[in-house]
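Shared between the two complexes below is chain A, which has chain B as its partner in the first and chain C in the second.
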Partner chain A sequence: MIRLRTAVRVMPAIWLALPLTAFACWYVTLLYASDGYTVDATAKASMTIGFVGAVLAACAAWEGSRLRRSGLWAAPSVRSRWAVAFWVLLPVVLVGLVAVSAAMVVNLARSGAGFVPDWRFVAMTAIDLVAYSAAGLAAGLLLPIAVAGPLAIMGTFIWLGFVPAIEPVWLRHLTGMFRDCCGLEQDLALRAVVASTVVDLGIVAAAGLLTAGPWPRLTRAGAALGALVVAFVIAVPMVAGMIYAPVVARDTGLLQCKENGDLTVCLWPEHQARADEVVEIATAARDRWMGAGITVPALFTEADRSVAPSDALFFSFNGADSDEGNVINSLASSLLPPFPDCEGGSTGGMALIYLQAWYDAAGGMSQSALEREWGEMLDEPNYPAPLKLVDQLEHATPAQQADWISRTETASQQCDTWDPGLIAVQP
Partner chain B sequence: MILWAKVHGLPVIGGAIVFAGLALVTPVSVASATPSPAGATLAAACILALAVPTAVGWGCGRGDGLLEIVGVRAVRALDLALAILAVGFTVGTALLLEKVGIAPAGAITARAGLVYLGLLLLASPLGWRLATLAPAIYLLAVAVAGRGEDMYHPAPWAWIAAPVDNRASWILSVGVMAIGLASYLIAPRTSTHHQPEPT
Partner chain C sequence: MPQQVRAVPGLTAREQVAYAGWLKGMGRGDAWAEALTALNRVGLVEEANRRTSQLSGGQQRRVGLASLLVHDASIFLLDEPTVGLDPRQRSRFRETLRELAVARPVVVSTHQVDDLSDLFETVVVLDRGRIRFQGSVSDFMALAPAGPHQAEAAYATLVSGD
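And now, the complex of A and B:
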């Protein structure tokens, strides 16, 4: 065990504890605030592990270098090498955990999501930091610090910065940094956590085999490589095929529903403060749409599409800064047909812009909100400004409006070139 | 001189130059990423450029500082010459490879190499063993917090992430290198390295 006084005197990780924590707390203030959702706010703040991990890996490399240069690592010792490594790495990992946890608390507070981070991300951060520190320690034990230090920083940085940028997108779920989690309708996917943990354990095992094994150098390198390969072979199938975000649908049992006439609106607990207002907006918009001949379901829900009832209308909005126009726009967006799934892209998807602009207007969006949303859109001979079409539709008969919606929906699903005349109010 | 070359690991430094040159002609060198929402978009070539300054720092840190400082040979000047020649050769090679069209990110590596050399020399009074951390920390800072007005425009201090046709970035790079050289030349002769690293 290292005494606190000794740790403060000789360990760079302890010297960096305050600056690193302060920097991590400042860094999260540059991120978008979460929508009051603890899981999301914690996940976004876990992004700080990108630099906290790199700095601490370098600190661990420094500790490894000290053990190597002093001859302590090679000398016969009462304690096992595992025990020596544990007591050297413990302060390093704790400093990182404090820095990332503090950043999480700051992000939670500025997101209005309380002060208690989601424990799954804290646990994942701890496991990540153990892995990076173990790798850094191994680098310091095996290489001169002049090489081990930059290698520890860059190795961690490449792992956390470049791996998420390469295809396939699910590779990022092996890094243990879940910054793409989670929308309000989503929760963290357990299989991503398990896969990352397996990879982290593989890194720790590889570092241990490289530095503490009794075998010749080449055998140790082979064993370390083997540990990494085994870890990846186990972890990759767990995340293969996942989308870019490590998410599953959130438990719909948490939704709280309100009824108004024949309309039911289901919102997440984070949006309950605005429930009455949203129900009012949704009811008015639905009445207007039905008056304009647009078919609208009787259930509006914030549940993930994958678990929402098939006859429900899915929508989402930001609880902190969405106004009436944003809520109507979100509902209107959900009325649209899906974007066409075309090989090589779609031109028909353009028509969805006009359809949504009309649904916005028909749903009661104010003129200023319409200008804000659509006023700066394209205005070309083939693709007129959306608000020009909206104006024409407002002066059209209900039959013409219904005919236009039908034609535009058809046009929106075209993969190849299509006749822009299809979206004219009177072709 | 032969002993100096051996102690300073010239073959390894040569190997680092060859590694950087070979890596530059692979597609990996043009890969880029924006690892942080507050950071700059970085090409992998910026990371490759670390190889030679790191090897130079390692090589210069291998000697026995106490012996070198009292030696009759101008070891300090030789260290500087080694750093300039190794990084200079890498920079020249990277530019040449880009010129002949086989290393699209050659100029990025060259510019970053100049900055890293400057930072290495600036940090050398802390000891060569620690000096190699300076370029790596700068690169990490650029990646984490070097974003400018958008992801394609780095902050003024993060110029290694600027487009290669940005003239100011080259001036700043040469400037940092010159400051590093000057600081090395005017720094007092001290040894921060008391004993060689065990091999």
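And now, the complex of A and C:
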């Protein structure tokens, strides 16, 4: 344990604290701003660990090299090697934690989500940094710094940059890189956190066994490998089969519902500022749809589909940027039948485009919003422009409209057949 | 004290001695304070704020000694402490060692026997893990006739071959 003043003078991690923090804070300003959701804004900013972790792993390698070159690591000591490593790595981990946390605060502020990061991501960042630093320290203790430094940077970068980009998609959840969390209707999946923590502990144990174990070098290498294997054997089943995002449905108890006539609209707390406006848009759209012979449920909710009542209409919108057209479009997409489950893709699924364009128009979307949404989409012999169909439907009778909806829904569920006649408005 | 006292990259002499004290179980504050005292005892207080890597080989050995003194070791065990030092540095190191030996026992492992009678009281000769001689310096020197390389000759009577 060295004095703070000494640490400031000799530790590269501390020299880099300010530039790293500044870069991380700048980096998050390039990200898409979250919709006022603390979990999402924190998760997106936590991806800065990709470069912060790599740089600090190299700094830890430097500290390991310092201990090795001075002979202190091999010298008899009252302090355990764990204690020596702890005090060497503490400043390194703290620098990383400050840099990533600052980036989180910046992203929260620009997303209108307050200033307090979600503690789970802060904790995950700390655990990740401990693991990467321990691995870096081990590299520095075992290898020349010219090898250990680049190895620490590349190893961390590959772990955090390459693994999340390969199949199967759930592999990324082992890395603790949780940037794909979370839409408003989602929350961080605990099993991804636990799995990532187990892998991190495996890395720390492997680093410890490799450098501090009381056995010959080969035995230590075997023990370190064993620790990693055990960690993966425990962690993989926790995340195997998960989708690309480490998410679960958000607690629906947080939804706040408003009633207007026989319609109930449930929104997340982050959207409450626009609740009256959204309820008004939803009520008007529902009335129009029902007038056009479209069956619409009496409950509109932002809950995740997996936990929303089966007879509810799910929708979501961006609280900061959405206008009336976006809200109607989101509601309309929930009226659609599911995309068909076809091997090798679906051609019939194209019909969903025309169906939604009509639901948008029938729900009251303005002409300019319709142009924005559908104006530049398709205009081919087999795939007519959606707005041309919308125009025809607007001039059709209610019976023709109902017939068209029925035929188009049927067409949308076919896998291999596409005939533009299927979606033509019958005279 | 190991044969090679290596500088901790970046640290000053005082910081290195204080760190050694901490490794030996001292509190951070105590180690920092005692480091200066220890450096003073080995005659390096003026170099306390210089990086250890910038010190000479002899000075680095004395930093090693200070690292033993800082935590008040009850016995000093030194491995080849004067190997690689020039005659002036060796003389200065021996002087420091003599001063320290007044207060506590010093055990030195060495192949350099030329200054044996000046510095030590007891000699133990080890050869391939076996004790070949154990006794006073005068008894050891008596194994060979008086002369300019008497200690080396005495050693040769006990240990043969390479």
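Note that the second predicted complex is superposed on the first by the 426 of 427 C-alpha atoms of A that agree within 3 Å, B and C clash if a C-alpha of one lies under 4 Å from a C-alpha of the other, contacts with A are read in each partner's own complex, and residues count from 1 in each chain.
Quick note on the criterion: a residue touches a chain if its C-beta (ideal position, glycine included) is under 8 Å from a C-beta of that chain, and two chains touch if they have at least 3 such contacts.
Since we're looking at a predicted model, the values are computed, not measured.
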{"item": "Superposed partners chain B and chain C on chain A - clash or fit", "value": "fit"}
{"item": "Contacts of A:Ala146 with chain B and chain C, given as first, second, both or neither", "value": "first"}
{"item": "Broader residue contact with chain A after superposition on the shared chain, chain B or chain C", "value": "B"}
{"item": "First (chain B), second (chain C), both or neither touched by A:Arg3", "value": "second"}
{"item": "Touched partner set for A:Phe162, first chain B, second chain C, both or neither", "value": "first"}
{"item": "Partner chain(s) touched by A:Arg79 [first = chain B, second = chain C, both, neither]", "value": "second"}
{"item": "Partner chain in contact with A:Phe51 - chain B first, chain C second, else both or neither", "value": "first"}
{"item": "Angle at chain A between chain B and chain C, C-alpha centres, nearest 10 degrees", "value": "50"}
{"item": "First (chain B), second (chain C), both or neither touched by A:Gly71", "value": "both"}
{"item": "First, second, both or neither for A:Val230, with chain B first and chain C second", "value": "neither"}
{"item": "Lowest inter-chain C-alpha distance for chain C and chain B in the superposed arrangement, angstrom", "value": "9"}
{"item": "Overlap of the chain B and chain C footprints on chain A, listed as residue numbers", "value": "69, 71"}
{"item": "In the complex, chain A residues that touch chain B", "value": "27, 30-31, 47, 50-51, 54-55, 58, 68-69, 71, 144-147, 149-151, 153-154, 157-158, 160-162, 164-166"}
{"item": "Chain A to chain C touching residues, read off their complex", "value": "1-3, 6, 9-10, 66, 69-72, 75, 77-79, 84"}
{"item": "Residues of chain B defined as touching chain A within the complex", "value": "31-38, 42, 44, 47, 50, 54-55, 57-58, 61-62, 128-133, 135-137, 139-140, 143-145, 197-198"}
{"item": "Touch list for chain C against partner chain A, complex", "value": "2, 4, 6-11, 15-16, 18-20, 22-25, 28, 32"}
